[in-house]
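Sharing a structure below in structure tokens format, with a few things to ask.
Which chain is which? They are A, B, C and D, in the order written, and residues in each are numbered from 1.
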Amino acid sequence: MRLLSVEETVKMIPDGAVVMVGGFLGVGSPNALIDEIVRQKRSSITIIANDTAFPDRGVGKIIVNKLAKKVIVSHIGTNPETQKQMIEGSIEVELVPQGTLVEKIRAGGLGLGGILTPTGVGTIIAEGKQIMNIEGKDYMLELPLKADFAIIKAKRADCNGNLVYSLTARNFNPIMATAASTVIAEVEEILPVGTIPPDEVHTPGIFIDYIVKGR
Amino acid sequence: MRLLSVEETVKMIPDGAVVMVGGFLGVGSPNALIDEIVRQKRSSITIIANDTAFPDRGVGKIIVNKLAKKVIVSHIGTNPETQKQMIEGSIEVELVPQGTLVEKIRAGGLGLGGILTPTGVGTIIAEGKQIMNIEGKDYMLELPLKADFAIIKAKRADCNGNLVYSLTARNFNPIMATAASTVIAEVEEILPVGTIPPDEVHTPGIFIDYIVKGR
Amino acid sequence: MMDPKFIIAKRVAKELRDGQLVNLGIGIPTLVVDYIPKNVRVLFQSENGIIGMSPLPEEGLEHPDLTNAGANYVGAIPGAACFDSALSFGIIRGGHLDLTVLGGLQVDEEGHLANWMVPGKMIPGMGGAMDLVTGAKRVIVAMTHTSKGDPKIVKRCTLPLTSIRRVDLIVTEMAVIEPTDEGLVLKEISPEVRLEEVVKSTEASLIIPKDLKVMEV
Amino acid sequence: MMDPKFIIAKRVAKELRDGQLVNLGIGIPTLVVDYIPKNVRVLFQSENGIIGMSPLPEEGLEHPDLTNAGANYVGAIPGAACFDSALSFGIIRGGHLDLTVLGGLQVDEEGHLANWMVPGKMIPGMGGAMDLVTGAKRVIVAMTHTSKGDPKIVKRCTLPLTSIRRVDLIVTEMAVIEPTDEGLVLKEISPEVRLEEVVKSTEASLIIPKDLKVMEV
């Protein structure tokens, strides 16, 4: 784990990268990193996130600035710009049920070949997907998701990169931390090693490549 | 969540029940509950646990007292009694790789139809199991595990049943808490509600049916 | 007449049972929290990762890291627990959630709910709705009986389904309807409407039992 | 001659790289911790749920809730983190573990390891071994070259395999051997033995390169 500036870490993300972005409607989003992606105009990126937040909040700003070519999310309803670009054909939107989305990311991060979920069976999202009947119940096979980068937000880190999240700002962050080649964590506070007790660590530091100080 | 005595809770477990038992070679085991199962001579039970611990420790005592008809575990090497009973034909032993075992329990608890793991592919444990090739790699389908009862051990509970585990005594306990019809948690300390901060809870109280005071 | 959404929320609140774990969707379902009977204590789960959510106790106590699934600031009761989205949806999909109350665009004679998109018009996405309807022990749809005069309780959903799981109860400002093997059973009607009005406002066939009750609101 | 197990542990220790996350199996692999070069700092993971495990600092500091995967009391470094078995094996299976060192009963020409049972004789079970061999970025087998005079490096394993993943290195008291596409390459031999002895003690064919080195121990 290395401590870097927001600017330096965002420079590592190339145009066209697949990027997971933590947060739930902007809560628990890495806002300094998102703003820097917008400032550096990183373009044609594929976003994997719970939602596209609001036009002026969280990952929504990346959409509004037309920097994403595709989003894989569970919800776009709070950001009218996403639907507008989708209708124009300038952004591809793949909608995935929220519980399936987070479990696909977990499967990608933890080495599973996919997940078998009852969610979505019999609906239009099951079209073209493999259905398996297990012990009398139908499940849908959904494949793992991985990314080139994950940008996540935590409340606190220690110098080993161990992370602690705050309340509902946790959401997708710890799961995304497992599933990208490079993981950048934006934190509010960096503590000396040993000040986060082992039982209170939410994400072990081994998952984190870079820590940046956010706001 | 209700507070009950060790004796009363064990009385609810019938002979022949399928019981998950937390712990790793006896560390983080619900010892008071195990001792009471032995005292009440609950028989013909099926044990799902990481291992059969040692003859005089943890779940091992249930084996030594010949109360289990079957064990689903990853390891029996530290308890010679298990292998002895297996050879005699008095106990059935199903060996499952540790990572697969915990993930099967998680799938049972969290409503997934099974897991797809690369572990065990091409070995004797894959015999008769479905192999799926996903993006060029083989994975083995393993089915979910559930139980009638889970007996687990935590360090602390609050009066809502929220649990906190200690160090490596956590192991299988939080996962088993999700996967049984009735979950009994043995704890060392019961705190007033509100004394465990929301971010430090390892297992939310809604998973716990009964709390008993252990040692 | 009272605003339909409060009538609906008030009636839904009577379905809550002491000790239940409950997830309230966005919109009308959120209002249910204001009408819970005094002797009923439930725990609220929100899919963004909390059990023990409460309304914001008072203005000024907002915390940027504590919101409901609609990104509105909320509070938390003593004994609340937070967790990540994987466990949150494990709770939902794994059958640990006693009740979810969700809004609806259509419900049909089979009790199928459609509530996540209107093709070509409005595509908000399913968010957590598909998991909630598939996984919760009990699903109540809380919605207005009609939309701009068009029935929302239809023979067969024309909108994409949220799940093929049959919902357990439909509560509107006009009626309480229970989907069953035999079809939609009209359980209660509002004291403000006549039976003919309910039937007329409903495209689906309704089974009208002898003991049809008056909706208490 | 030094006890073979210390020779093996000492040589394996030279394979550790600064910053790696390492899991040491029970037996000989556990001894590796005593020989880590001064300038190399690694983090130890134990599959029972900790990163940052250390040897027990001194007798009397045992804590009943802090053990390694062999149930021996251990310590923890500042900055250690604990987690449940699902995440622990997610770390292993998901490719986040840089190196595992495991004991072996047999390794064959394809680099396949067998280390979890001897049918009809000894069936300890695989514990975490199958996940470790399948998931770790690098797998080193640390074992004696022979068992009661019988070769353990064989043409084809007769014991049930732990994984069909080819292990990366075999370290014995006699030699360091690297399984490759072409077969088992003898990389180093102990200064205490002659090449003929190594070949005689090995059932599998060995590829002997021109730059065969002397094992530094």
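The criterion applied here is as follows: a residue touches a chain if its C-beta (ideal position, glycine included) is under 8 Å from a C-beta of that chain, and two chains touch if they have at least 3 such contacts.
Model, not experiment: these values are computed from the prediction.
**Student:** Across the interfaces A-C and B-C, which one involves more C-beta pairs in contact?
**Tutor:** A-C
**Student:** Among the chains, which one keeps its Cα centre farthest from the Cα centre of chain A?
**Tutor:** D
**Student:** Could you work out how far the Cα centre of chain A sits from that of chain C, in whole Å?
**Tutor:** The mean C-alpha positions of chain A and chain C differ by 28 Å.
**Student:** Between chain C and chain D, tell me the centre distance in angstrom, where each centre is the average of that chain's C-alpha atoms.
**Tutor:** Result: the chain centres lie 56 Å from each other.
**Student:** Centre to centre, by mean C-alpha position, how many angstrom separate chain A and chain B?
**Tutor:** A distance of 32 Å separates the two centres.
**Student:** For chain B and chain C, let me know how many angstrom lie between their CA-based centres, rounded off.
**Tutor:** Inter-chain centre distance comes to 36 Å.
**Student:** Using the touch rule from the top of the page, what residues of chain D touch 2 or more other chains?
**Tutor:** In chain D, 50, 76, 82-83, 89-90, 92-93, 135 touch at least two other chains.
**Student:** Mark out which residues of chain B touch at least two other chains, giving numbers and ranges.
**Tutor:** 103, 106, 111-112, 117-118, 165-167, 170, 198-199, 202
**Student:** Connecting every touching chain pair, does the picture come out as line, ring, star, complete or other?
**Tutor:** other
**Student:** What are all the chain pairs that meet the touch criterion?
**Tutor:** The set of touching chain pairs is A-B, A-C, A-D, B-C, B-D.
**Student:** Mind pulling up the chain B residues that touch chain D in the complex?
**Tutor:** 24-28, 50-51, 54, 73-78, 83, 86, 93, 95, 97-100, 102-103, 106, 117-125, 155, 165-175, 202
**Student:** Which part of chain B faces chain A closely enough to touch in the complex?
**Tutor:** 103, 107, 111-118, 132, 134-135, 137, 139, 143, 164-167, 170, 198-200, 202
**Student:** Taking the touch rule as given, give the residues of chain D at its contact with chain B in the complex, in rising order.
**Tutor:** So the residues of chain D touching chain B come out as 46-50, 63-67, 69-71, 76, 82-86, 88-90, 92-93, 122-131, 134-135, 160-164.
**Student:** Please name which positions on chain D make contact with chain A in the complex.
**Tutor:** Touching chain A: residues 21, 43, 45, 50-52, 76, 78-83, 87, 89-96, 135 of chain D.
**Student:** In the complex, go through chain B and note every residue touching chain C.
**Tutor:** Touching chain C from chain B are residues 106, 109-112, 158-160, 162, 178, 193-194, 196, 198-199, 201, 204-207.
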